[in-house]
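Shared between the two complexes below is chain A, which pairs with chain B and chain C, respectively.
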Partner chain A sequence: MSSSLGNQIGQLARRSVLRTLRQPAQIVPALVFPLFLLAVNTGGLKDATSLPGFPTDSYLTFILAVPFIQGALFSVMNSGTDLARDIETGFLNRLALTPLRGAALLSGLLAGAFVLGVIQAIVYLAVGLIAGAELAAGPAGALVLLLLSVTITVAFGTIGLFAALRFGSGEAVQGLFPVFFVFLFLSAMTLPLDLLTTDWFHTIASVNPVTYLLEAIRSLLIEGWNLGDLALGFGIAAAIGTLGMLAAGSALKTRLVRT
Partner chain B sequence: MTTDTQRSGGIEAESLVREFKNGPRAVDGISLEVPQGEIYGFLGPNGAGKSTTVLMLTTLLPPTAGTARVGGYDVVEQGPQVRAAIGAALQEAALDPLLTGREHMRLQTALHGLGKAERESRGNELLKRVGLDYAADRKVGGYSGGMKRRLDLALALAHRPRILFLDEPTTGLDIQSRTALWEEVARLAAEDGVTVFLTTQYLEEADALANRVGIIDHGRLVAEGTPAELKAEIGRPTVEAVPREEGDRERMTAVLGRFGQGSGSSPRGVAVRLDGGESQLAEVVRALDSEGIAIERLQLHAPSLDDVFLAKTGRSLEGAGEAEPADAEPEAAAPA
Partner chain C sequence: MSEQRTAGVGAVARGVAWRSIHNFLTNPAFLVPALMFPLFFFVSFAGGLAAIGEVPGFDFPSGYTAFQFVFVLLQSAAFGGVFTGFAMARDFESGFGRRYMLAAGHRSGIVLGYALAALFRAFVTWTVLTTVALVAGMEIAGSGAEIAALYALAILVNIAATLWAAGVALRVRSIQGGPLMQFPTFLILFLAPVYVPLDLLSGWIHTIASINPITALLEAGRGLISGDPVLVGLAFAIGVALPFLFGLWARGGLRSAEAAG
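Let's turn to the complex of A and B:
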């Protein structure tokens, strides 16, 4: 007697979503912290729009891309600590004693990140638009922005799963959080890539994938439809997600030595 | 092909070994056989190798050497078939504090492939059987230790396994919860023919529940038999005397030493296993009296499983444990 892969994913996804929705401590910081930084950055850096070549008159519109990435970074921690807790409490062993497939476990666990990603994207966009940001791509662009944001969130979630399976400890996963924030700060977060004049910073930002995730989101907010930027953003998110899943799958095999 | 052990739903292990990197040989050549419907008590202190043995028999840890068949299936070569045949409640109830009891049952029954209608009925039946139907819709984070253990047992039974592994199921439970769990385990074996492999560090648990007991120490099986057989092997009762004056303890040791071998299990007094059995008790009292040693307390103990453990290992089971090397790295890679 064995359940189908779809059923297994569905059951674990249901658990993951329930867990996420029952932990306000996972949802609230992922909403409040990026919005707080949005307010600080908008207030402090608004004069940057007067720089020659700055792509918009509204710094709020420019910086609104950042909360989507910051929020996605929270999914590294949330999905990772959830799985690490399952390892620490022995719940993973309980699951391992069922006919559960590894792919179902990983996919199901990302469902919580997916739901959190949807909530975050809707809230960030709504707050941004209410505060006066523009969305050049219009209503259809909002849907694409939602899809891109969720894709990035889930992709980052796979890194959390890998870290949990590799280290087996919630503390270790949480320790990664600041490291990922460094990636954000070393990207074209506060200024467009072309306006980063410091050589070393420009070099790092130009090879930092986070820059292109930000630019894909910004293209919808500022330009409208820039298919090149969007393709690059979706492509990088998909690549991160694929690599993350492969690494997590490998770590799961090591972690679960069931015969 | 259906083998005898598949039909019998039993457990067989032959020279089972588990070595850890940077650690001792946690299980060192254990051989045992548990027929269908038997409750087998695996008794030993912390760190003796009980949990490691269970992890190997439940396919969660590959053995370094040796073989084992559970329900007729090889634990290394036929892991999925073994897992389908067994239920397990491992050490520490592994539950999700954010889910309700009913949600746990739904997840477990669904992952085991039960149909939607059967999931609900099986879940309700088991929750009722373990006395948790009233708390089924409460989050497990608010359950007591006993409730968690009972839910753990219900989850282990979700897919009607023929063999049940319970790893220290009553550790930390109060007497009432412990007794309730014992009754359910005994019922499962007697009425449903479920084979139960129960690890415990509680002597009374093994004594009350197990048809046969295996005593494990430092990864080795040092004794095996029914509790009655094991006690009969020891045969002689122990007399324990506590002197009224602490200073008389040495003289009391000398006097009692004439009647048998010291058992070392009395913290304030002297305990000796009587060579001549309980009929020597009167002589013991007379000897102490003639030496002028005043007695505060004198007790005659029938042989217990602790005496068996003491006789086999030279140590008392109480306080004999040390942490099992659960975090040690496996020395060998998992077999394919």
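Let's turn to the complex of A and C:
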């Protein structure tokens, strides 16, 4: 293997992408589960649009932002589980004997999350539009939505890498799934922030970064171009990704010292 | 002989239940999700969707917190059974289930033991859930008997879900069968009127919810907590029929596990 960083990332990225594409058990739930909840929530909560102050008359358009975040949560599990398996099978130890750089390992492993993020975003948006959702920002907005969705997915994927390196067990990574769902459930997932009438819930949702990721996606679907919401969404995703990579890099060093 | 057989089933069930309960109580990886999942759903639905109670046509006297409490109670009952199915599958995957099969004179006691454990874990969850709901200010307008009937419905759902999951676990005998236990349960629960009453649903989800047996359980439960009982007879008929049907399913699973050796 050449020691150039680009080549190292390329080799691992190829492996990560193929590994993801060859595991329907990773792709199918990440597509089906969020779409099922989209259908159920749209059917069950469409009367919410009659609440004063609800930003759109289409609940489908409003709730369509949620699958993008749910899909990103699956990337935590997928990227983390894959790396944990590498640790459990000793593959990481073998990689440690090569001149591979830590940055290449982490970046390469995120390629699977990137590809899954692209597939998810296209499927969710296509299904949503076919079902009658609106995209106020138009075709250019679809591209920005794709970019934002992939950024969020990759950012969440770094947390999966950190968890795998920290705990070294696929079971432990899987155990994080409910924890991340808490962030989604305690956000402005089903109603806008202004319509969360329970004080303590409103407070939690206001400080929950997932609320602002949802609002960034919703701004493209409902309002058109709200640069403030978009900047906040991209900024939060970038911050999560940066912190996740730093934490994963530190955990990688610790793990390699241990081995 | 008959007395010995009864004692045998009971002894097996007690042994299996004790071990399963011990594992549940001593392993945070099992205990914490069982407690936290229903609480998250309750907090998210009751807290995050409180404004839904102001939607035109929504008329539930005990308020949205009580409305969602009933759903989360039945959901935790069902998932208590499913999670016990996971434990059963894990035991068979690790070979412990086979040792149960060799040691137990009356193998139906194995399923009974897991069912008792499922009921125990459901009681633990309901204690925490009910306490949190009351602290959060949930209004209960139903009488003591009506609330007892609500919990009786939850017990029947728990038994039905355990037998369903046991049937899968005994056939698949691997934790890989987990999605098979979980997904249909999740599906049937969420295709009921979760967020608003049946009358406020429309379109395909109204059609499905109208024929979903969980709808009757949910509507009866909500009627009981608000002191305005509806569909109680139908709900209990369904509540008894489901464990009977899934009991046959679990018995088939037991035969399958026996045949596999």
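Assume the second predicted complex is superposed on the first by the 255 of 259 C-alpha atoms of A that agree within 3 Å, B and C clash if a C-alpha of one lies under 4 Å from a C-alpha of the other, contacts with A are read in each partner's own complex, and residues count from 1 in each chain.
Throughout what follows, a contact is a pair of C-beta atoms (placed from the backbone, for glycine too) under 8 Å apart; a residue touches a chain by one contact, two chains touch by 3 or more.
This one's a predicted model, so the numbers in the text were calculated from it and none came from an experiment.
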item	value
Contacts of A:R94 with chain B and chain C, given as first, second, both or neither	first
First (chain B), second (chain C), both or neither touched by A:F181	second
Which superposed partner A:V257 touches (first chain B, second chain C, both, neither)	first
Partner chain(s) touched by A:L18 [first = chain B, second = chain C, both, neither]	first
Touched partner set for A:L45, first chain B, second chain C, both or neither	second
Chain B versus chain C as contact partner of A:A30, first or second or both or neither	neither
First (chain B), second (chain C), both or neither touched by A:L214	neither
Chain B residues touching chain A - in the complex, by the definition given at the top	58-62, 75-77, 79-80, 82-84, 86-88, 90-92, 94-96, 98-99, 103, 106-108, 110-114, 139, 155, 159, 330, 334-335
Interface residues, chain A side, partner chain B - complex	1-3, 7-8, 11-12, 14-15, 18-19, 22-23, 86, 89-91, 93-100, 257-259
Chain A - residues contacting chain C, complex	29, 36-37, 39-41, 43-48, 50-51, 171, 175, 178, 181-182, 185-186, 188-191, 195-198, 200-201, 205
Chain A partner contacts - residues on chain C that touch it in the complex	29, 33, 36-37, 40-41, 43-44, 46-52, 54-58, 179, 187, 190-191, 193-196, 200-206
